[in-house]
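One chain, subunit A, appears in both complexes that follow, with subunit B as partner in the first and subunit C in the second.
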Partner chain A sequence: MTTTTRLRTPRRPWWGAQPIGTLFALPYLVFVVVVFVYPLFFAVYIAFHDYIFTAPGVSVPTPFVGFDNFVDVLTDSAVLEAFRNTGVFLVIFVPLTVVLSLVLATALNAGIRFVSAYRVAFYVPYLTASVSLVGVWMLLFSQNGLINTVLGPLAPDPSWLVNSGLAMPTIALYVTWKQLGFYILLYLAALQNIPKELYESAATDGATMRQRFLNVTVPGVRTTTTLVLILAIILGANLFTEPYLLTNGGGPDGASTTPVLLIYQKGIQQQNPDTASAIGMLLVVAVGLLSLAASRLNRET
Partner chain B sequence: MKKTTRTLAVIGAVALLAAGCSGGDGGDGGNGGDAGGTGPIDIWLSNNEAELAWGNAVVEAWNAEHPDEQVTAQEIPAGASSEEAITAAITAGTAPCLVYNIANAAVSGWVRQGGLVNLSEFEDGDSYITDRGGENVTSYQTDGAFYQLPWKSNPVMVMYNKTVFAAAGLDPENPGMATFDEFLDGSRQIVSSGAAQSAIWPSPTSEFYQPWFDFYPLYLAETGGTMLVEDGAATFNSDEGRTVAEFWATMYSEGLSPQEASTDDAMSAGTTAMQLAGPWAIASYAESVDVGFMPVPSSSGAEDVFTFADSKNISMFTACENQATAWEFLKFSTSEDSDGQLLENTGQMPIRTDLATTFGDYFAANPIYESFASQTERVADVPSIDNSVEVWQVFRDEYSSAVIFGSESVDDFLTNAETEINGLVGG
Partner chain C sequence: MRTKRRTIGWWRYLLLTLAALAFAFPFYFMVVGAFQVSPTNSPASLVPTAGWTTQNFSAINSRLDLVGSLLNSLIFTTGVLLGTVVFGLLAGYALARLDFRGKSATWVLMLLIQMVPFQLLMIPLYVQVTRTYGLGDSYLGMILPFAINTTAVFIFTQFFRALPQEVFEAARIDGASELRILRSVAVPLVRPALVTVLLVTFIGPWNEFLWPFLITKDVTMQPLAVSLANYISNVAQSTANANGAILAGAATLAFPVVILFCIFQRYFTASEIGSAVKG
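== the complex of A and B ==
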């Protein structure tokens, strides 16, 4: 494949072998460039300058400041705490999502009764706007909410959403529940692609149900697991709505602040796009490294 | 490999093209607006229903007289807050001529962006503003000039639910909660009697503007109107600041004020007995709650305390082409007639001298608003300082930590916030 490409390359004009195809792809390419590539490079530029957004035509000096913005954010304890909080979130959210969605997808695939009802039940939270679901969770997890009433004397004090040790785990639980339907769907599709013969021959060899799950299902959906891992990491790193609404803007006392919440505060509210961009760059690099690690670790050896 | 290079080259070329396009329209100049220009203008109003009704009526009256200088009014475009919508509009060059909902805290940032017109540069700019609002309005200046016209205030007082007070055994007509100690005792009585689940429920969320409705009004009362920052330095690391912070810390630690945000309107739901609010609240709660008002508490319990003005002002934007028309309309909409209509429509207090005597008939007919009118003589706003929003965010974060959640001491909060804020306003 690679060899043929290389051989044919020199003779091909820059618009490719299929000019019509390139033409069809062009609108999307322009879209990606305008809404993604250009802003990304612009953000890199902003992160290395003392930058503010001005009215058109107003020129304000925006000197190059090297790594000053990065030094600022990396010495800001709030930023470090936000990254730490995201770490806590990912440690709970990613494994929980992978395990739960794979197990539930396998169960749904095994032909249990009322499959469609379960599918809908898992998928509805994913489709519903976070804003409205957060309202329900606030009622459930508030001081005098249903959960605490049921727990009675076992209810945590301070309550879930204002407890600095429990705020981030509660958010992780919420996001896991909300997003689960999507990941189950990915796994359901992957499960269809595992040849039935593998299960049959495993059964013939005397494998138990658990062994079949671990030795046939899990390796069979490996590529999907990589996808789920990467998507979950990206989603977790971009956490905003939940800490903004569920824990009142990253509370209590910053225990559920996330980098994106700080980007919003610094970039939009406080008009410091330069430090906000620096946090954004750090986030891009961190997510990139984590995703790379996830796909490496999960690669077939 | 080569393929990748080529793709990158294409992307790079298009990116440059896009950058070129967006750079191109930078040339026409944000200050391209003409100070002498007349003609049609656009204005933005807040989405408060009563204010919209007032604004549309004023615009209609103006348009009838000025066929060549028509004014078009619309609501501020939707956004998380009007400040965010306005910041975006300034950056994009799509700001209207006038916006009737300017919070002082945002002004310094917009001046830095080059988004606001210096009203002091109009011939009668300074004189019109100070004649209408009195000498005190100089606190709204940025770099010694007016980039906003101080328009109306909503002095913050303690609003309370008379029914809940009666159930708790407090006198609804004269609760006697003027000092901090009395306020704490009354609050304990409300909660322990079961009349309401909490005594007062300020929003415990982390937005930068929340201090304006818990710490700040009481701090202004305690200090007789000392702003958070004066002469380039934080003022609150003082006995007065400590007293107010400790008062709120007690409210939170004793569970008289909840650490969680309310899931609905706590006042209407009856889950709290009090709220800090301005006169706008009278109309809002008229149907649902029998409310009374008292001045914010202080350690002395004085009747004539200061409080937070919570003013909303009017600014002109550099994107405006017909600035002369905009200035004339600004004066028209803040004339004595228009101000009277504003008061009648919205219950909010126009920032003008002799408010109570100018609109004496109105206050005689609506006595519940009278206490607000006399309160307008003793109000202060947020200081006009650089990095204003950042300063308030720092203050809020430290305050939350110490006062709401008790995870650091009040003294640490005052010292840390002072150091950090002095770095921001001095730098």
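== the complex of A and C ==
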């Protein structure tokens, strides 16, 4: 069974030269089917049926209802607000992330001293549990917190996290801070692939530092920028922990609700998995379209 | 020219240092606040000289069994690490180095599932795990969706592919079984990559909140991320001076990862992670 075919032998059996590979890959394959493939189809099934939770072993009819769940969801003002909030989040988070991470990665890339100290500082928020950092930010941005004390009379009223106009921007600021290290890492890898000669010839042509950044660095990392845009959009669509904890469940009054928070509230708390699945599908379609648009836009410009 | 270079360098350091301070400050606030009788809200007393205490840790421990929660986090994380190392290495080795039926299908499937977002799978997985399999409030149920980290399988495959073919041919001619080649030849050659993967895999379940939060109602089963979140959202509002306790809990959850990262950070390089993410 395990005897290997010689290099010179041209014949290759149907099951491959090392059929034991099937056995090696099997646990992973089973895992993928159980945790990804089956639930994916199940999610689509739930979204198109009138589905309710039952105790294990009990079966109740789940009639096909066509697009009813989607109509319910799209006429629900809370759902529309959640999608709008995600839009507000992305409008702040995406540009801030792209600009800051590219600028910091460029500054970090030029053979400076103490690189590892800077790296530790930049990556540590990304590696740390959101629950623990949300705890810290909550205290910093609370009514009588440090940020408001520093701002004094300039402090917003109502305070950051209980202000319907500022709740989502504060979350966007938090997530930018938390995730930036990861995007810096991506840009650093991309910067190392830009040929040094490009910078040298630009410098001999008399380009200023700003011109070199705009005309050599920015085009040089374009594929990474597309990746950063797509990852940032996916991240924005996945927000749960931050509105759940930082603004106490998407408050004030739904101003920072997100689709995933609604999936949790409707699907699991209120026991309506069918409408929750419909929200999930709409969200995935929206993310897909946005990602497509982002990569197209970045290719053309 | 020379002086110009130097001014550019000076700005670079200023920018990086300001950013690093912004990144590090909340951690400083967390550590100092965790050991203060009452964490400060005023910039004047950011460097406290008095009021040190460990009482915050006993305060949070009395509300959420700190040691039990840490133990749950550890079991959850260890399960994921074991699954990823054992089955992930096997799959990665097979995909990179073996010729077998279904190889390209497995590879395509692996790339496709990286595009499936968790928010879509959340409800069906919840139904499956808690209703169909009856695994609510169990370690197995917590571990299942994360049991084999696909990113890790991907990195393993890339690293096994980069090894020279001759090494494997020589071992096969010597009559070593594929399992033996994996254990004694391939794994020792990719040891640095293994450290990176273990670190990245550790962070996932240790920090994970949403999934264990969904399936654990029993407080004795909750990992620290979940019990701390419950403390922050429910208990803290009804407790008199909860800030110190929140920061103590936050520090307990954060520091295992921070310490691991500081120890192993030289393995955590841009090129490795970059190649893993970009493919």
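Convention: the second predicted complex is superposed on the first by the 267 of 301 C-alpha atoms of A that agree within 3 Å, B and C clash if a C-alpha of one lies under 4 Å from a C-alpha of the other, contacts with A are read in each partner's own complex, and residues count from 1 in each chain.
Quick note on the criterion: contacts are C-beta pairs under 8 Å (C-beta built on N, C-alpha and C of every residue); 3 or more make two chains touch, one makes a residue touch a chain.
This is a predicted model, so every value here is computed, not measured.
Undergrad: Taking subunit A as the common reference, can subunit B and subunit C both be placed on it without clashing, or not? Answer clash or fit.
TA: clash
Undergrad: Determine, under the contact definition given at the top, whether A:L161 touches first (subunit B), second (subunit C), both, or neither.
TA: Once the two structures are laid over each other on A, A:L161 reaches subunit B alone.
Undergrad: Tell me the contact category for A:I263 with respect to subunit B and subunit C: first, second, both or neither.
TA: Second partner only.
Undergrad: Going by the contact rule set out at the top, does A:V99 touch subunit B (first), subunit C (second), both, or neither?
TA: Neither subunit B nor subunit C is touched by A:V99.
Undergrad: Determine, for the superposed model, which of the two partners subunit B and subunit C contacts more residues of subunit A.
TA: C
Undergrad: Is A:L289 touching anything from subunit B or subunit C once the two structures are fitted on A? First, second, both or neither.
TA: A:L289 sits against neither subunit B nor subunit C.
Undergrad: Quick check on the superposed pair: does A:L29 touch subunit B, subunit C, both, or neither? Answer first, second, both or neither.
TA: In the superposition, A:L29 contacts both subunit B and subunit C.
Undergrad: Looking at A:M138 after the superposition, I want to know if it touches subunit B, subunit C, both of them or none. Which is it: first, second, both, neither?
TA: So A:M138 meets both subunit B and subunit C here.
Undergrad: Could you say whether A:A17 touches subunit B, subunit C, both of them, or neither, answering first, second, both or neither?
TA: Touch status of A:A17: second partner only.
Undergrad: Between subunit B (first) and subunit C (second), which, if any, makes contact with A:T54: first, second, both or neither?
TA: In the superposition, A:T54 contacts both subunit B and subunit C.
Undergrad: Look at A:N248 in the shared chain and tell me whether it touches subunit B only, subunit C only, both, or neither; answer first, second, both or neither.
TA: So A:N248 meets both subunit B and subunit C here.
Undergrad: Looking at the overlay, which bit of subunit B runs into subunit C, 222-230, 258-266, 348-356 or 366-374?
TA: Superposition on chain A puts subunit C right on top of 258-266.
Undergrad: Per the definitions at the top, what is the overlap between the subunit A residues touching subunit B and those touching subunit C?
TA: 14, 29, 34, 37-38, 42, 53-56, 135, 138-139, 144, 248-249, 268
Undergrad: Can you check the complex and tell me which residues of subunit C touch subunit A?
TA: Going through subunit C, the ones touching subunit A are 8-9, 12-13, 15-16, 19-20, 22-24, 26-27, 29-30, 33, 39-43, 87-88, 90-91, 93-95, 98-103, 106, 109-110, 113, 116-128, 131-132, 134, 144-145, 147-148, 150, 153, 169, 172, 177-179, 203, 206-207, 209-210, 214, 225-226, 228-229, 232-233, 243, 246-247, 249-251, 253-254, 257-258, 261-262, 265-266, 268, 270-271, 273-275, 277-278.
Undergrad: If we count contacts the way the header does, which residues on subunit A are in touch with subunit B in the complex?
TA: Going through subunit A, the ones touching subunit B are 5, 9, 14, 29-30, 33-34, 37-38, 41-42, 52-58, 60, 78, 135, 138-139, 142-144, 158-159, 161-162, 164, 248-254, 265, 268-272.
Undergrad: Within the complex, which stretch of subunit B touches subunit A?
TA: 2-3, 6, 10-11, 14-15, 18-19, 25-32, 80, 83-84, 87, 90-93, 95, 109, 112-115, 197, 203-208, 258-261, 263, 317-319, 387, 389-390, 393, 397, 400-401, 404-405, 407
Undergrad: For subunit A, which residues count as touching subunit C in their complex?
TA: 2, 4, 7, 12, 14-22, 24-25, 27-29, 31-32, 34-40, 42-43, 46, 53-56, 100, 103-104, 107-108, 110, 112, 116-125, 127-140, 144-146, 149-150, 177, 180-181, 185-186, 188-190, 192, 209, 224, 227, 234, 237-238, 240-241, 244-245, 248-249, 259-260, 263-264, 267-268, 273, 276-277, 280-281, 283-284, 287
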